[in-house]
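Since the structure comes first, as structure tokens, the remarks are kept for the end.
Chain lettering (A, B and C) follows the sequence in which the chains are written, and residue indices restart at 1 in each chain.
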Amino acid sequence: MSAAKISLRGVRKSFGTHSVLNGIDIDIAEGTVVSLIGPSGSGKSTLLRCINLLEPIDDGEILLDGIDISLPGFDANPVRRRIGMVFQNFNLFPHMSVQDNITLSPVRTLGVDKAIARTKAAELLERFGLADKVNAFPDQLSGGQQQRVAIIRALAIEPEVLLLDEITSSLDPELVGEVLDVVRELKTSGMTLVLATHEMGFARDISDLVCVLDGGHIIEQGLPGQVFSAPQSERAQQFLERIIRAGRL
Amino acid sequence: MRKLTISLAVTGTLLLAACGGSSSSSDTTAAAGAGTGNECTAGKTLTADTLTIGTGNPAYSPWVENDKPESKEGFEAAVAYAVAAELGFGDAAVKWVRTGFDEAVQPGKKNFDFNLQQFSINDERKKTVSFSASYYSTNQAVVALAGSPAIGATTVADLKDVKFGAQAGTTSLEFITNVIKPTAEPFAYDDNAGAKAALEAKQIDAIVVDLPTAFYIAAVELTGASVVGQFPASASTTPDNFGLVFDLDNPLVSCVDTALAALKDAGTLAAIEKTWLSDKTNAPVIAVS
Amino acid sequence: MGTITGRRAAYERARKRRSTVVATVSSLAVVTAIVVLVPKMPRWDRVHESFFNGERFANSLPRLLDAFVLDIKIFAWSMPAIVALALLVAITRNSRSAALFPLRILTIAYTDIMRGVPIILWIYLIGFGVPGLGIDRPWNSPLIWGSVALVLTYASYIAEVFRAGIESVHESQRAAARSLGLSSWQTMRHVVLPQAIRRVIPPLMNDMVSLQKDVALVSLIGPIEILRQAGIDKSKFANFTPYIAAAAVFLLITIPLTRTTDWLIERERRRTTGTRIS
């Protein structure tokens, strides 16, 4: 078995007395799509933020290509150039144009020449249907457009892995589709994706591995077909029943 | 019973009248505490039977000693009480108020009958206040610390490159600008305390003040300071004659002028000058032309 | 944004016409009232003579303008120093690294102490006190140390303004920037500070206008700038018109500056944002 791109072993994380992650073990293989689903507060977002070192973990280890990146004092900046993140609320920089949002990191952290960075940005925008928005400002775009720009911004530094933290949860239903299309395209191009999501149908369609989180534990892990149709743990069953009843699956 | 009361009352009133009567005579020698003015001053003072005199806050030596004009110590304190006595006011009838230098010569109603703070009589001030006759005249002088470029100056030309400081709004500052005309613009301060601090910080080379103040600064207030020299009275267009400051067109002025004349004739003013300012007139003269 | 057409256009036009008329009429009424009624007040002559004397105004103005050059100079060299120091203090105060802890304590002490004492006291203490320690000319100049007092005091206030701006930038902006691999300093410089500063421009302008006048405090330790010159003229001629003239000179400078800044802010806002709710 080839070594996983990212491995989590016994990861624990607490905020004060509230423990959010209680021993997480996952292997994320390169080029695969892993979905994290589960009720609110189950630790999905926190887990993603631990993987790209925005949050330090209290116990356990996180291995990237076999190297433990969770060691205290490990230089996080290079890690974050390899593991990108897209947020639920887009978090575009409002004082910069779309083009500047996208080129900021390549120019400043990778030393890419500004003109080249702009060309690359234009290509990405073209690829995702936003070529005419290159000089627009975030406040002038719709939610779906902003999220697509956020994804492009994360792609501009050519990460190996992309973490997507509930990226459609803030969008109107009719705009969700355009963002999910982008994610599909990323999968097709072979990118390693880890997504926390409430879009169950999408997760079932696109994932190679589904993990169900509850109370900081992974209570169910497996292929989408198996997890969604025949969950083994009782808690997972209850959760999925609720989802189906709400018409979300 | 009623008769006794009436007679007591009558006797009491007569006694009071007798007492009041004797002190309102034209006896002008200061029986301490007894006098409340003479016929001239009647009705012309701010408060009846009281002479309200204004001076600076604080009031400096040698004009007022220890900032206590009531002690009668200091040249101006002594002059004030001499004038008061000449006008028939006993010591107890003299009341002091403090004002800023500037506010005393600005237009507007005053809270004093007259004010003395080394005010030089000049035409501009006469537009807004009235002055008595001069009670003292002096010259402008230069004070500097040892090692200052001003030391040893004998002519105005020697002072051209000196950095001067003086109190704003005074004839001293004007003297610098109009007579000395140094190449560097002088610094101005709210009061002489600021000028002294600047001198000690070597931000200025010399201060211009009236001669008695100069001596006091050099002798008492600043170590290592000396009076470089004094300018002749002819140097400035308005030599420094100190006058008492009154409300514009105050009728009290003529009473005070009479008193001052009497004091001059009797030699009282000269005696006061000798007591408080005697050894403070010997400074070399700095030639102006 | 596109042109307005149709029935809303007509309505907007009529509304605009109406508000222009109302504005003009009310302005004219106020101005007329002032010009006609004020001179009718009982002691207007005296006030006119004391405060609005044409001859005194013309006589003092050249001297005042000459002295004002000093105020401009003090402002010109103090302002950049204040902004630089304030930014340094604000960023240090906001830093999260443990190594900078002693510096953070220092910045807290600095802002507390400088803001806790009236500026006039600092002008005297630093303007006279420091040179009094024995510095030679020209380094003991009251212009230098008076400006130092102004810079230290104002930077402590403006540091707090910057700090408020920095803290008002949502944490998620930092999260996004760091996730892109930007370092702590790059995040501050490219993402947080630009947003922080834009947000606090109004209070910053406030303090700037304040400084334009507080430069006059340097006159307490000697230099004859416009306010001192006005005071000297006032004493000499026993007339307050020089102060009115000085006020006019100040307004001549401060008003255009504040109007220009507002215009710049508005231009920036139009450039970057979408709709505006009326």
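Just so we're on the same page, a residue touches a chain if its C-beta (ideal position, glycine included) is under 8 Å from a C-beta of that chain, and two chains touch if they have at least 3 such contacts.
Quantities reported herein were computed from a predicted structural model and do not represent experimental measurements.
The chains in contact with chain B as well as with chain C do not exist; no chain meets both. Compared with chain B, the chain whose C-alpha mean position is the greatest distance off is A. Of all chains shown, C has the CA centroid lying nearest to the centroid of every protein CA atom. Measuring from the averaged C-alpha position of chain B to that of chain C gives a distance of 43 Å. Taking each chain's centre as the average of its CA atoms, chain A and chain C sit 46 Å apart.
Centres computed as Cα averages put chain A at a distance of 86 Å from chain B. The touching residues of chain A, when paired with chain C in their complex, are 49, 52, 54, 76-78, 80-81, 84-85, 87, 89, 91-95, 104-105, 108-110, 137, 139-140, 150, 153-154, 157.
By the touch rule above, chain B contacts chain C in their complex via residues 102, 105-107, 124-125, 127-128, 165, 168-169, 173-174, 185-190, 194, 197-198, 200-204.
Chain C contributes residues 50, 124, 128, 131-132, 135-137, 140-142, 219-224, 228, 231-232, 235-238 to its touches with chain B in the complex. Note for the complex: chain C touches chain A at residues 172-173, 175-183, 186, 190-191, 194-195, 198, 271-274.
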